[in-house]
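Presented below is the structure to which this report refers.
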């Protein structure tokens, strides 16, 4: 068994080099396809990280009555903080609220209307971050129950849902594109491995006529396909490594809000994906192609 | 399976005596016909028994069906009608895994050599041993011996594209011998060889035959056939028209 | 010459069918690659249309003094309308402005503060659409000169530039992706045509040994490559036609503001692109591949 | 260019008389050596003049360099040393465009046939005419005539994979004849043919030669060579060891 494995591996290595034009052509295809896939995965991961950042901004906001005293507010906040759906609770004073509003309208290019107001109209508020932006649970009810402190709870449900629709659409769109490109990559790679095997159909036929069993014919080809995939993956990773610096700078510029540890983790996943799909597709392509000649 | 031995005594009729008619026939064709998909009838009504240890020349004009008959024996083609037996087993009904095992017991010299184009002479010869699962340390000396026999030791590392016609043919012969098969089937093995080398190959086959290996050889070499006076089976337009012991090449085809 | 052309075309046709496994494998690759490219072009065109729509929303806004009389306003508007940089001028009354502000804050999920105001604080305004969002020209100056009517001109230059930076980045990013994918498509197609030719190197050698001139060998192969490309393009267009309905619905959902004639025009361009690059790549791939065997 | 004709009277020395020594030699090799990239010396010190209209047998054991010599003539390989002339032109110095034109004037039967695998018998034969730019209405009847001559009319639409060894060889012969070339160079053209068909092919070549076509034929067919008593050039290990008019096959190789 081990002997057969070693034997097949040696055969595969020979086969690769004796067909070197074909092998390198197949490898080149492999590299381009893996790059395409890796690039897409990286972009989508970045997009996803960006979307998550937006989603994390979703929160429940309770406007407080002007008369609420600090201890009352503290008590209300403690009660909310105890809920399992809640990840964080913050107090925003009247002044902070006005400041934020001014910044917001300025950023929107709207004229600052707060100057013409006789007094600060913004209420103080409690901001509640949720563990899952779609699971409100008891949060709203709990806040509304604090009648002596809370004036009104901002029902951001609509906004949240609108936002989540957008991010969801982008995510699904991204996954669909990834799926389609993945399928394309799959077929292209299988196809080019197949072309290389088709060109050697005569060889397979001769081997069989001389008494080679199916396994004897198949495994060297499968290993050769894996070799093509591995080589393709290595080249791809090399290219990605070279492109890493400029690429990650571009990513940070684009999705300014990414968590800092994004790059390292994603690259490890991408490397696994590239090597896995390279080797896997190479093996599968050879297996399928050789099978159609062995089936006869 | 049982058919072949049973029918052997009377099977082939008057035309096919066979040197050792009582022996179990190693190769048996019963009422075989082969029509190729394009409609060409390559073999008709072929009955042939070859006992173990026989030496048979297969002669006939170009296109008579000699190679087709050989292809049926190794299950490269399937007969349209009739049965083909090798060592008592119906070749057509072999299960997938059994076909390679059957082929490994035969040494075949193909008319078009069928060498692996990207393997050297030595690797091509070694291949026939490797498929039997032989160990590396057995393969090397056996290959060297076979190459020495056909006189290709100097060419051992050349690729088929770097060989002369006769060298290609000798590589094919070496590959057919190397695993010491039960039967050697050679399709026109001396067509590209000079008379001297041809005689050497024939002498070799005769010696191997003396050691018990059955030999079936398709050939146009009238001189050899006539000189050796062995069994001659003559095909013409797909039919066996002659099957005689100690025959000559006879008629100018 | 014509005879040679007809001859070569017939040969190409034969060659295609006698290598049908190879040809169809190459065609399949071609189809996938063309689909990838066409899909990308369509998405980018849609994105572009969306961006243009946003850019078109860029405008100059002049807030009017409360005392301005209708004829004065009319006169000011007429003067602005006469400027070549201007594409349209609109009057927005105080009521309209308040209404818009309410809708805007509601859409942003902000509490409606206008209820607490004693009177309508929003000024009436003149909105000016520009032909090119970056060319303000005399617009701002002209508006500011109308001192008896115009209170202040909204300096949206910053906002506009921020917006244009974003759309510009998206456009350039899109073009870069398109360029990379285009290159990938180019190499993959060339590569798979090359694989098909490599498998027939022996044939080319035999033709040459029998006395075929280079042209005699080359053109049937080139036409065969074009045939592969054409067939690939036709299949691709078929797939696109089938996907047209669901695709364009999706596009409208996504970029809700597309001009209505988007689909038809883009599809014509995409069709030309697909056929052109299919046939062109097929021909080029064959030409290059055969050349390497003729050069010997 | 001027060299070949000039050297022709004395060129080949005592060993190479040539039937019409005064005539312009159609083929001339001067001091040719061929070493293959792997170091094998296939030809050494070869001088050979073949006047127009000659009929020459090229004999020698397997691996002697016969096919290599033929490859040099059609510029399939380039000589390591020396010059090869065809019709007064140095074959090595031909410009790109001239090589196909030169090859079209030769009809070649390759030892391994070199048929186009995806073209039928008729298409393969037609190909040699089509490359000359012949019109379709000329091609058809010429192809049919060539196929009739070699007896392959019935197989005209079969692909090479569907042919017997002898049929492949006859297809190659038909392709070499069909465009009525100035020279026919045949490398072992009867190796896979039965004696009767072999004789028919030889007779055909003799008739074509009588009409003025030069014929160079590498062969192992001792019977034919000895019977015809034409010019025989013998190679051994890359050297011309014999060049005589009316020679026999001689020595058993």
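Going in written order, the chains are labelled A, B, C and D, and every chain counts its residues from 1.
Simple rule for what comes next: contacts are C-beta pairs under 8 Å (C-beta built on N, C-alpha and C of every residue); 3 or more make two chains touch, one makes a residue touch a chain.
Every value quoted in this text rests on a predicted model; they were computed, and no experiment measured them.
Peer 1: Where the contacts of chain B and chain D overlap, which chains show up?
Peer 2: Common neighbours, chain B/chain D: none found.
Peer 1: Keeping to the contact definition above, tell me which chains border both chain A and chain D.
Peer 2: B, C
Peer 1: If I average the CA coordinates per chain, which chain comes out farthest from chain B?
Peer 2: Max centre-to-centre separation from chain B belongs to C.
Peer 1: If you average the CA atoms of chain B and of chain C, how many Å lie between those two points?
Peer 2: 68
Peer 1: Averaging over Cα atoms per chain, report the distance between chain A and chain B in Å.
Peer 2: That gives a centre separation of 63 Å.
Peer 1: Roughly how many whole angstrom separate the Cα centroids of chain A and chain C?
Peer 2: About 26 Å separates the centre of chain A from that of chain C.
Peer 1: Select the category (line, ring, star, complete, other) that matches the graph of chains linked by touching.
Peer 2: Contact pattern: a closed ring, each chain touching exactly two others.
Peer 1: Kindly provide every pair of chains that touch.
Peer 2: So, checking each combination of chains, I get A-B, A-C, B-D, C-D as the touching pairs.
Peer 1: Report the residues of chain D in contact with chain C in the complex, numbered from low to high.
Peer 2: Residue list for chain D touching chain C: 74, 76, 96-97, 100-104, 106, 108, 110, 114-119, 127-128, 130-132, 135, 175.
Peer 1: In the complex formed with chain B, which residues of chain A make contact?
Peer 2: Contact set of chain A toward chain B: 3, 7, 15, 18-19, 202-203, 206-214, 216.
Peer 1: Which positions of chain C touch chain A when the two form their complex?
Peer 2: Touch list, chain C to chain A: 21-22, 25-26, 28-29, 32-33, 35-36, 39, 63, 101, 104, 108-111, 113, 116-118, 121-122, 152, 154, 156, 158-159, 169, 173, 180-181, 184, 187-188, 191-192, 194-196, 198-199, 254.
Peer 1: For a test of understanding, state which residues of chain B touch chain D in their complex under the given definition.
Peer 2: Residues 36, 38, 40, 59-63, 66-68, 111-112, 155, 157-158, 162, 164-168, 170, 187-188, 191-199, 220, 222-223, 249, 251-253 of chain B touch chain D in their complex.
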